[in-house]
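First subunit A sits with subunit B, and in the next complex the same chain sits with subunit C.
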Partner chain A sequence: MTQPVSPPRDSITDKVPQDRPTAWRGLLARTDVRTLSLLGVLAVLVLIGGITKPDEFLDTRNLQLVLTQASVIGVVTVGMTFVIVSGGIDLSVGAIVALASVWATTVATQEYGFAGILFTAVVVGVGCGLVNGVLIAYGAMVPFIATLAMLASARGLALQITDGKTQIVTVPSVLDLGERDAYILGVPPLVLVFAVVTVIGWLVLNRTTFGRRTVAVGGNPEAARLAGIDVRRQRLYLYLLSGLCCGIAAFLLIVLSGSGQNTNGNLYELDAIAAAIIGGTLLTGGRGTITGSVLGVLIFTTITNIFALNNLQSDVQQIAKGAIIVAAVLVQRRTASTT
Partner chain B sequence: MAPEPPLLSMSGITKSFPGVRALDGVDLDVQAGEVHCLLGQNGAGKSTLIKVLAGAHQPDTGEIRWRGEAVTLRSPIAAMRLGIATIYQELDLVEHLSVAENVHLGHEPTTAGFVVRGKAAKESTTALLKRLGHPEIDPARLVGELPAAQQQIVSMARALSHDVRLIVMDEPSAALDPDEVDNLFRIVGALTAAGVAVVYISHRLEEIRRIGDRVTVLKDGRAVANGLPAKTTPTREVVALMTGRNVEYVFPDRPASPPPGEPVLTVRGLSRAGEFEPLDLEVRPGEIVGLAGLVGSGRSEILETVYGARKPTTGQVLVDGKPLKPGSVRAAVRAGLGLAPEERKAQALLMLESVTRNVSVSSMSRFSRGGWIDRGAELGAARTATRELSLRPDNPSVPVRTLSGGNQQKAVLARWLLRGCKVLLLDEPTRGVDVGARAELYAVVRRLADEGLAVLLVSSEVPEVLGLADRVLVLREGRVVHTAPARELDEHRVLDLVMEGSPAS
Partner chain C sequence: MTEITSRRGLLFGAAAVSAGALLTGCTSNEPSDSKDEPAGNDQPAADDKPGKPVTIGFAGPQADHGWLNAINDNAKKRAEKYSDVTLEITEGSNDTAQQIGQIETLINKKVDVLVVLPADGKALTQVGLKAMRAGIPVVNLDRIFNTPQAYRCWIGGDNYGMGLNAGHYIGEKLKGKSDARVIELAGLDNLELTKQRTQGFDDALKNYPNIKKVARQAAEFTVESGQAKMAQLLQAQSKFDALWNHDDDQGVGALRAIEQAGRDDFLMVGGAGALSAFQAIKQDDGVLKATVLYPPTMAASAIDLARALGQGKGIGGLAEFEIPSSITLYSAVVDKTNVDQYMPTGFR
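Up next, the complex of A and B:
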């Protein structure tokens, strides 16, 4: 490859870097291959849905449903992406969603109305994240083990709180948000929350010192430490963030289902990890994008929807998901080696 | 009767790696029953040569004859089958397996081809350990539980479990106490008496005098002397052979007089148990202080402890007279220390990121408000810092992994330049940097010092320390054995010091 000849340096024009266009082109070329291939997969899926069930799949209601269903797992996936980019893993997200959703829907909590439910869901989520974070960052526990322990405990606690019963939400303002024709700014409320979380997540990862530290800690923890970054504190914050996302997701799930159940969020950890991986996040840390993860979530949710519309069983769905994960990783490895 | 051909004869061995010619036509003859010592400075090609001999590297050209017959050592197993065993410096044992399992790893005594006969393995291990003078090692114990010296014995037992004709030992005494070294020599004596040849690598001349028969000296990938008598060749001659260079590095001029001023970095009684003994040193602004010593002399450990990456056992580090919180990198960075570590890729660089992000990582608060990064300011600052060091290509947006070794090092220096650090700690600053780029890097370091930076430099390359530093501390096994202005020392004298431990007259 030949190096572009830089124009003669001149004190006035030098202020604006000349190589910016090439840098941009490189960046675009890199992100575009990944993002475009994911968009391509999504387009193919929409096509399949449109061909197999033209009336039902492309119906506005159905597309809204897909997005709404994607919202809950989508919010969890944003938090998970941060954790994976930092080189960690959070297996407890599903269990935290369950615990937060049942704690926020107990009779006692519901007495405080909308605010009480929202507040409790978020605090429980962050609280679980705090325990994970302290164990991992300051207790030097392996993330896999610490969050596995949290998975078991949080699920157990959720079962203890509900005694296995579904807790029906009776707060009208919460139920209203989950109505089929509820809109805020022209979009279903859950989808709006998902969009806001996505945008904030993207900005934090790409435009803030927090995002930079996350990438540095994941890419090379030793180098990050020797560069003067407080690696342990950063790790703590990341699990807090994941817990916060779980709390928000739990609230969305309460709104969506009008109830709290200890079986909520089952296998969310696997769905969130899978979405992040097919979105291009390296499981070893150091690289990942919010855009990719969100597209991953949309791809999975669309598949689920198409399969349901075509009356295919969930076992077939699971097999298809597995195949997609393998295919995505293989494709990414090839694009990575050619660039 | 024709004379017996040598057990091993290597001739014209060359081996190149990308950018380096590690071996450049090396000859080596080893007779049965002799101890043949390999000497050479770091990077002279010793490790590559023994890896070729062990079948771990394939030579590009050259011939290997074993008992007079030409052979190719395609793999470590092929070498082992001939009877060549290698004991590497970093022991290659499986910690979670027992002594007996390690000794027989890969060639377990079996029944019906796959059922391991544990008892037979244990018995033969016991016999081997007894032969090595260590009957007290229990073959059933896990290797990870044994002290380093005993692990080495296990490694040797493994070598002997094959029908071995030649054993290569890479600095076997480095991790041993004097008693253990005596035992090692007893073993070597017993082996050679039984007709086994030993290729012995060591930095310690006195050991070579004690057990060696002949010496081959390597320098810059060539054998500069073959088969010198080990006991009678004068030290001076050996050292001269090791150091006589073809490549002369160009070093920048030093300031005529030592810079005035109070020391910015003061180290008082700093030590770490088992790594280095209490150390005192001072570095003034504008001064470059060098630590010279061989691998294992504690150089990197000292630097990392000063930087707070390791917690000291005793002593303290002061910057501008104020003590730093011990064992805290963040405190050190805040006080104005910066480290360019030995393993650049593993310890300093974010290899997936751009140069800009690698440079700005320690100064992010300067381009951000409330955590929000001003990327224009960041790019501008990174550009200024990298231009000041003439980093190539002149485009901080490129990924850091695409840079050459020398430019990656500049990216690390730019990080600390941008941070505005007062004391720069350089650990092997030219490792992985090709010869042409070194002079430029030396000039950069000297210029930074002239601009008022205090530099503490560590290098295993003696000429580098002597050429670049103003003042030199010579280390041997974690202890400072000599301190002097660089211009009063020469390479021979420093090598005498690091190898013999006492100033030779």
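Up next, the complex of A and C:
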């Protein structure tokens, strides 16, 4: 399961742009079989949706809906991908989203309006990431344990702040952002944010020293250290980045649901990890792509959408979802090893 | 670590500290004109005159959502009303083992009566039995124990009745409309109570041959899931006449999705009885026209029952000398006509 089954040229480490071919050929080369097989899975899903519910599924509104539903978990997954590529794990993402969303929607915060809510959500996210990062990088704690502790305490703090109550957002400018009127050329602002985060994430991972260091740390931390990379500081930055993504996602969730609740972000950690893994990110670190992770998120959201449109119940949904995860991974491994 | 004390690091640190200072001011949840009064109605209890002092032990689950929070509030406020009642309330817990420990502590303290809302009714049956054997009568609140031997009195809501009343309300509203289409936004499907609510709803709709339930999706009692599932339902059903949503908390999200989709061509009935739902019903400017109660005031009634048990009395209005062994509360439908009466019981 953890063995890289693909030829080594798939891995990002080999793409250090020394003598880079032309942009277009480079893009083709980079679109590895994994990504293609994910696109294939997505195409099959679109086909199923189109056949079973042609009117409801193949509809602009439905496309907007699927992308909107994908944006919150999508932003979290981008951050998670970086962490996993570096050989770490962040189990606290759901709890951080919950904490950031309730902290940003308290009566006191709402008095500061749009900016106050956005600022609080992002700062709380980054703050939690900072704690995670310091514990892991400088406290030498195992990421699993450190972020598990964060999961527990952030959820607890979220509960303490809300007292179990649902905090309804009354700031009009925040609510308006989630309405149809706010769509820019038919694109919901939430989706726009998701797209921007994805593009930045892709650029950072593939085109910057930071990205190459992340891959190096995940591939072989000792070699990375010997090569002069400050592994600890890199790790700190990565958990900060994941926290930042959680803060942004929390703000998106506030806009989407018009409220903050301590139950927000339930099991996001599993959804994000699952999407990253389906997308071809190695759980042991050293390899992973933003494109793959985002496709993973889109596959999950599309599945949920098709199930709901066909009025399938939760039990069937869960069974089928599990089966599809296994199928997607198997198909990927097959296509990856035969080419 | 030494590099962190660079100027950039210092600047960042200073920014972080000031952000922190600003943020800590933001955790407050008290509205400036706070009027925090969710609990109970003011109907006189069985016997308001002070009697024999009673110590009541109260153990509930962790109040992680509005309804459970209201349960705790109702119990506390009701106990404060009686000069002869001392309430020993435990820190709520969802962990079965921990809740058992808490109840055993209350037994050892020799409280006069126990009120228990179990995190899991079946799992806490043994400790209920233990209390009863120790001579401490138990009032079992809502989530029922496995055996009647474990409680002296059970009081709780009616999930089947919730569905039934929601179905009848919708049925009456859509009377005479041919080929009426109804959809259901259910709660967490893992819970038995969700099945009971759906069963009641379906049974009620059978009385109205003109109505067909065309879709059902289960959310998770959270705002987030309510928004997500409702958005999908709206996309799936371009036209329907009524919606029953099991829970007002997830209803906040459902209403948000309805607003985002710009739909207003149907009537919506909620469930549980949250303050936000009552307010929306009163304003009457959206799709939400009614909600079916699952009243958190049952905790106040449980305190009344416990007090009556401790003082060896029955309850007023009934001929018997003792309190009943089982009380199922009615799931009233709250709509515009009677919402004012229920407003004080709404929870947040």
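FYI, the second predicted complex is superposed on the first by the 294 of 339 C-alpha atoms of A that agree within 3 Å, B and C clash if a C-alpha of one lies under 4 Å from a C-alpha of the other, contacts with A are read in each partner's own complex, and residues count from 1 in each chain.
By definition in this document, a contact is a pair of C-beta atoms (placed from the backbone, for glycine too) under 8 Å apart; a residue touches a chain by one contact, two chains touch by 3 or more.
Since this is a predicted model, take the numbers as computed values, not measurements.
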First, second, both or neither for A:311, with subunit B first and subunit C second: second
Partner chain(s) touched by A:178 [first = subunit B, second = subunit C, both, neither]: second
Which superposed partner A:210 touches (first subunit B, second subunit C, both, neither): first
Subunit B versus subunit C as contact partner of A:227, first or second or both or neither: first
Partner contacting more residues of subunit A (subunit B vs subunit C): C
Partner chain in contact with A:264 - subunit B first, subunit C second, else both or neither: second
Contact residues common to both interfaces of subunit A (with subunit B and with subunit C): none
Contact set on subunit A toward subunit C in their complex: 53, 55-56, 59, 61-62, 65, 68-69, 103-104, 106-109, 112, 116, 119-120, 123-124, 127, 130, 138, 159, 161-168, 178-180, 233, 253, 256-259, 261-266, 304-305, 308-311, 313-315
Residues of subunit B touching subunit A in the complex: 307, 309, 329-330, 332-334, 339, 341, 346-353, 357, 361-362, 364-365, 368, 371-373, 375, 379-380, 383, 393-395, 397-398, 415
Subunit A contact footprint on subunit C (complex, rising order): 1, 3, 16, 19-20, 23, 25-32, 62-66, 68-69, 189, 214-218, 220-229, 231-233, 235-236, 238, 249, 252-253, 256, 259-262, 274, 276, 347-348
Parts of subunit A lying in touch with subunit B, wherever the complex brings them together: 3, 6, 17, 19-20, 22-23, 26, 207-210, 212-213, 215-216, 219-220, 222-230, 286-287
